[in-house]
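Labels run A, B, C and D following the written order; every chain starts at residue 1.
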Amino acid sequence: MQPTLPVHNRSDDTVLTPTFVPGPSDARWMPPALDAALQVRLHDLMVKARATEEMLIRMMRTGHGYFWIGGPGEEAYGAALGLLVHKGHGPAYDYLHLHYRSSAVVLAMGSEPIDLLRQMRSTVTDPYSKGRNFVNHFAIKPWNVVPVTPTIETQYLMAPGTALMQRRHGGIGCSIVTGGDAGSAEGDFYSAMNWSTRPGSELPVLMLVAQNGYGISTEASTVQNTPHLHQRADGFRIRNARVDGNDPIASWHALVEAMDYVRHERKPFVLQVNCSRLYGHSSSSGANRHDEPDCVQLYEKRLVDDGLATQTELKLVWDKWNSLLSDALKVVVAEPMPGKEHVLQHVWYRGPAGN
Amino acid sequence: MATLAQAIRLALHYGETHLGVTDVFGQDVGPPLGGVFTCSQGLKTAWNTPLDERGIVGTALGIAYAGGKPVAEIQFCDYIYNCIDLLKLCGNAHWSSAGEYHVPLVLMTPVGAGIHGSMYHSHSFESIASHIQGWTIVMPSNAKDAYGLLLSAIADPNPVLFMAPKGLMRAKGDELIPGEPADERQLHQMIDAPVGDRSHWQPDWPPVEDYRVPFGQARTVRAGRDLTVVSYGRQLVQCAAVALDLAADGIDAEVLDLRTIYPWDEAAVFASVRKTGRLLVVNEDTEITNFGEHVLRRVTDACFYDLLAPPQLLAGLDVPGVGLAWGYEKHSVPQPDTIAAAMRALAALRA
Amino acid sequence: MATLAQAIRLALHYGETHLGVTDVFGQDVGPPLGGVFTCSQGLKTAWNTPLDERGIVGTALGIAYAGGKPVAEIQFCDYIYNCIDLLKLCGNAHWSSAGEYHVPLVLMTPVGAGIHGSMYHSHSFESIASHIQGWTIVMPSNAKDAYGLLLSAIADPNPVLFMAPKGLMRAKGDELIPGEPADERQLHQMIDAPVGDRSHWQPDWPPVEDYRVPFGQARTVRAGRDLTVVSYGRQLVQCAAVALDLAADGIDAEVLDLRTIYPWDEAAVFASVRKTGRLLVVNEDTEITNFGEHVLRRVTDACFYDLLAPPQLLAGLDVPGVGLAWGYEKHSVPQPDTIAAAMRALAALRA
Amino acid sequence: MQPTLPVHNRSDDTVLTPTFVPGPSDARWMPPALDAALQVRLHDLMVKARATEEMLIRMMRTGHGYFWIGGPGEEAYGAALGLLVHKGHGPAYDYLHLHYRSSAVVLAMGSEPIDLLRQMRSTVTDPYSKGRNFVNHFAIKPWNVVPVTPTIETQYLMAPGTALMQRRHGGIGCSIVTGGDAGSAEGDFYSAMNWSTRPGSELPVLMLVAQNGYGISTEASTVQNTPHLHQRADGFRIRNARVDGNDPIASWHALVEAMDYVRHERKPFVLQVNCSRLYGHSSSSGANRHDEPDCVQLYEKRLVDDGLATQTELKLVWDKWNSLLSDALKVVVAEPMPGKEHVLQHVWYRGPAGN
């Protein structure tokens, strides 16, 4: 197979907007074609994610949760990624090593917004952590979404492990790991690249770096010398590229190409997605709206301009999700909170061996 | 009165201007934020690092080797666990080099629960820390001690771990730091960065003075006859409040604030236990191989025949984390009611 | 009889062929060396990793998540301290994911002094390990227990830390592992890689059988009336030898081999202490916030009124390392003479 | 200043043998010119180091020490490096963050072989560790040689700290860190590159990677996908090169050029030195002689071929060091060993603050 996406040329400073190349033909799975219907669906999923995050922030403000951290600004590439995941359980399917701004990914995969509200409110019904972890810390075993780690960048260390099982299993399953730009300063980012390129044991790992320009209050560019983190992969001879993560179509194409390479060459790829951090770092910094490009707004304008949707249709999408979310909130606030009897549950697993 | 966070900031300022501090650094420690708890706002030597704890500790060690005086921060102690090897190197360099090098550095990190911090903003670290050699380990329970311990830490030529209880960061002291303005609004205007654009803001430092809390000296927060309660940090504050309550019921507890966790004030604890015959150690680290068990062992060694009841530890439950929902925290971290129950039970135990 | 290193190798072979082990890996674990102590020679799933402990533990966790059964090795526990955050993640994934995931992995690492290993081949790790939640922690003191504990570790669906005492790696057992050939030269010829070129060598595995040492069960190595000695690993062997010596002097010690350090056999220890009234815990980890202090606390809680003397800990001196010169090791790590002295002193103490 | 050594071109696979470019003129320090006298001196220092290491191995075999690990095979670049160090105390001078194969470096700097014998035998007179650490674990404060860490690669994390103090101090002092090829797999190697390139705070760090092809028993190339580790610096846009570390002249020139850049540009440089591991990993693997290129033998042939020395002269050098070493051993075996009274010394420093 001819790789279709050139290795990033370090002196080329332009943002990559790859042209669409049909995905690989695979008996079991193919990326859906990005036709008009899918463009509309992408919008729906982006709104699903944004509306959910905005509800989470409202919950935090109104005392229905202690702390918010999440993904507004990462819906465009997130929704595309969620749709492109080869979803299922076990090494035939993709593993997801996500960070805490990945709501769009799991919502596009089919998660229910109400479950995020549950984790936000720390109810005992929270399926991801039973009220133990902050919101957006997922764990969804039927879909290979491994527990989101509260420690930055450790997820990169685990991806070679799942990818090794996938390499052995055969097929097209890959391990997808996401993280932030500041977090790439941890040595773990490099360990992942090193472990994914062991000679003769190259691994199908798709490493995403969400470059939003910040780590909490710190401008990433003031503490790391690179406008383009994906180029750090150059030193490992790993193919890499970057894409405008605020553009779902560009992200889609870039992901299709990167995944095509990872799935079929069974080698790693580093993809930088430039995106916004629309409500700042977390509720600790106020969770106020920031003046940065809003991928949902930009995409809505484009859909209208391209004649794929009308303002009214777009508004209906928002209404649909907002009303679903209001209903969900009503359910969630009535659900029980964990008590003493839950504290010692799940310290030890007592079921059968194997995973 | 200054809050604990302000006291830290004042101490770092004093350290920069009088004690040779060359670098205050860590994640978000420099402008614009000045630390997630504002502890390093307005400091002239504060700077932001890459998000890399190993790099932070390694760089601190390098600065110390090269004649600087670094005060490095790990944003939360919950994120220190990838650096234990480096902490060990800091603590053993003097010994392993046969005295050739020493390591004058301070590592600051916020610890403990009490802020709805969930699994990774609620850790305690004193148990593992006290198992690492060569470090002095301190934890203040109030603003003035924070100031005095941090100055002692900065002045010390060995590595010092300064743990600040998260839950007390905004707690105001009840004693002025020497040189602190009496009016706390004035202090606020002088040293707290404004909300919004801070690029032109400059702090107006009050003329704080040298004040040291010596290492290894506990403080008797409350004298009493019936039992000895040893604690530190946020739990000390809870213990002191509970002791006051129980006094009304005729239980007269002596409460000691250890302040220095290692090397700790054995003499003060032994003297108190010899008087009361009963010991309760309270902290919120998890209970298996907990620093309090070390205190219990030493007391059992030294005061066995004075003990009127088995010495007790009240600590965090041995669970993988402090869960976010209040039900988890309430039932896994010592709370006033569990402290009171432990004190009552111990006072009632007959030898 | 098999050595402890051979027993580990046999257990890994059994694990590969009968218990679903998919990967035995770590630095120098695969061919040609098969582990710095030869523990992984000839195994079909053994492979060499990059020199990166964080990558090793992270990869093990990933393999476990994806349905594999990894047995990862940290070459010496002295090099595990940059991974404590990852050990915590392994231990809390089941709890934090509300039971969604669990982590069936085994981490092996050689521990302890006794081989003139200097500062970084002499560490003990049980104190910090037992402070991390979600792990079962085992340490054998003989070859057969090593085999049985390792099979239990492999079969367990939770993370298990298997610590092998360096100083006993070449020690021969005195009981055959089920299926082990009775002639140890035959065993050697079957499973020890030849010196020199090994590229065409294949082991000839004896038909070893399933044999498990259950977790949490101590073993009474010697019954006695006068005092209880609790230990594990290399120190257990020393304690047992000393107890035999002291019996000649009329000091009749009961010696328990904990085998599982966490969760440990409280029932056995309590029963023994209730009988003897005296407890000595012996290990070689450094003494401040030492796992033995946890045992002491629980015993004090449960058996205070049965104690005839303060329960004691004999552990490593609180120094930054075990120095290379024998004078350092002799005076900082428990030796037969210090163990004997501690046992005599305890037996002599009157309540 | 024009950099004289081009950034390594990743597609250029040839070993770099830079031509000599006069060192920078600096009021305080200049690299000595590599004239005939210096070429002979380099040989003397290489033999000093080799003879010392061979004595250490003999000591191990004859019961005068428990364990040997050291630097035979690293004398050529090591001696050159030792001579090129700007030696002294404090940030005006170079800091050395060495690994355990650096005997040639410190011996070329002027250390006495007897002190290595002392550490080998763990006598109380061992000036580096008082018998606490393995041999070749130096700590020499007057020369800014910081304690050699027994943990692989952690030295890389400290170099940015000393280099930061040097950057502030001004002048030409730099921080030199050495390590092995296998060890570069630790994330710490990358952390050091990241910390040395913070925008506006670039640091004068010279990072050396000794590529001997092995980590203990493991062929480095089987677990890391790179014949040329220095290229990992590409991802950080750090200048990098490699040199035949078995050739003292080539090493000298490469070091002069790399140091020139680091000292005057105040930026990092990664230099890979290819070398041999002549006696295997350590005494654990037998410390037997391996069949690899021997830099001392190769250099002796060259000196004779070039007419710079005769066989007789070379033999005199060996005799000089060997007899000095025999005398030293006699002294050392009579020296006291540490006892109980030494165990608790130096846990705490009780002298004045400052370093």
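Everything that follows uses one rule, which is that a residue touches a chain if its C-beta (ideal position, glycine included) is under 8 Å from a C-beta of that chain, and two chains touch if they have at least 3 such contacts.
Quantities reported herein were computed from a predicted structural model and do not represent experimental measurements.
Student: Report the chain whose CA-based centre is farthest from the CA-based centre of chain C.
Tutor: Taking each chain's C-alpha mean as its centre, the farthest from chain C is A.
Student: Tell me which of A-B and A-C has more C-beta pairs in contact.
Tutor: It is A-C, judged by the count of C-beta pairs in contact.
Student: Would you mind pulling out the distance in Å between where the CA atoms of chain C average out and where those of chain D do?
Tutor: Chain C and chain D have C-alpha centres separated by 38 Å.
Student: I'd like to verify one number: the distance from the centre of chain A to the centre of chain D, where each centre is the average of its C-alpha atoms, in whole angstrom.
Tutor: Averaging C-alpha atoms per chain gives centres 45 Å apart.
Student: Cα centroid separation between chain A and chain C, in whole Å?
Tutor: 41
Student: I need the residues of chain D touching at least two other chains; which ones are they?
Tutor: Answer for chain D, listing residues that touch two or more other chains: 129-130, 132-133, 151, 185-188, 191, 194, 198, 222-224, 347.
Student: Chain B: which residues touch two or more other chains?
Tutor: 49-50, 52, 54-55, 79, 82, 85-86, 94-96, 119, 133-134, 319-321
Student: For the complex, which residues does chain A have touching chain C?
Tutor: Listed in rising order, the residues of chain A that touch chain C are 90-91, 95, 126-130, 132-133, 137, 139-141, 144, 146-147, 149, 151, 154, 156-166, 175, 187-188, 191-192, 194-195, 198, 345-355.
Student: Over in the complex, which chain D residues touch chain C? Could you list them?
Tutor: Within the complex, chain D contacts chain C at residues 66-67, 122-124, 129-134, 150-153, 182-183, 185-187, 215-218, 222-224, 284, 337-340, 342-344, 347.
Student: If we count contacts the way the header does, which residues on chain C are in touch with chain B in the complex?
Tutor: The touching residues are 54, 79, 81-86, 88, 91-92, 94-96, 119, 127-128, 130-131, 133-134, 262, 286, 288-291, 293-294, 296-297, 300-301, 304, 309-313, 318-321.
Student: For a test of understanding, state which residues of chain A touch chain D in their complex under the given definition.
Tutor: Residue list for chain A touching chain D: 10, 185-191, 194, 197-200, 202, 221-226, 231-237.
Student: Using the touch definition from the top, list the residues of chain B that touch chain D in their complex.
Tutor: For this pair, the touching residues of chain B are 20, 22-23, 49-50, 52, 54-55, 57-70, 85-86, 89, 93-104, 133-134, 155-158.
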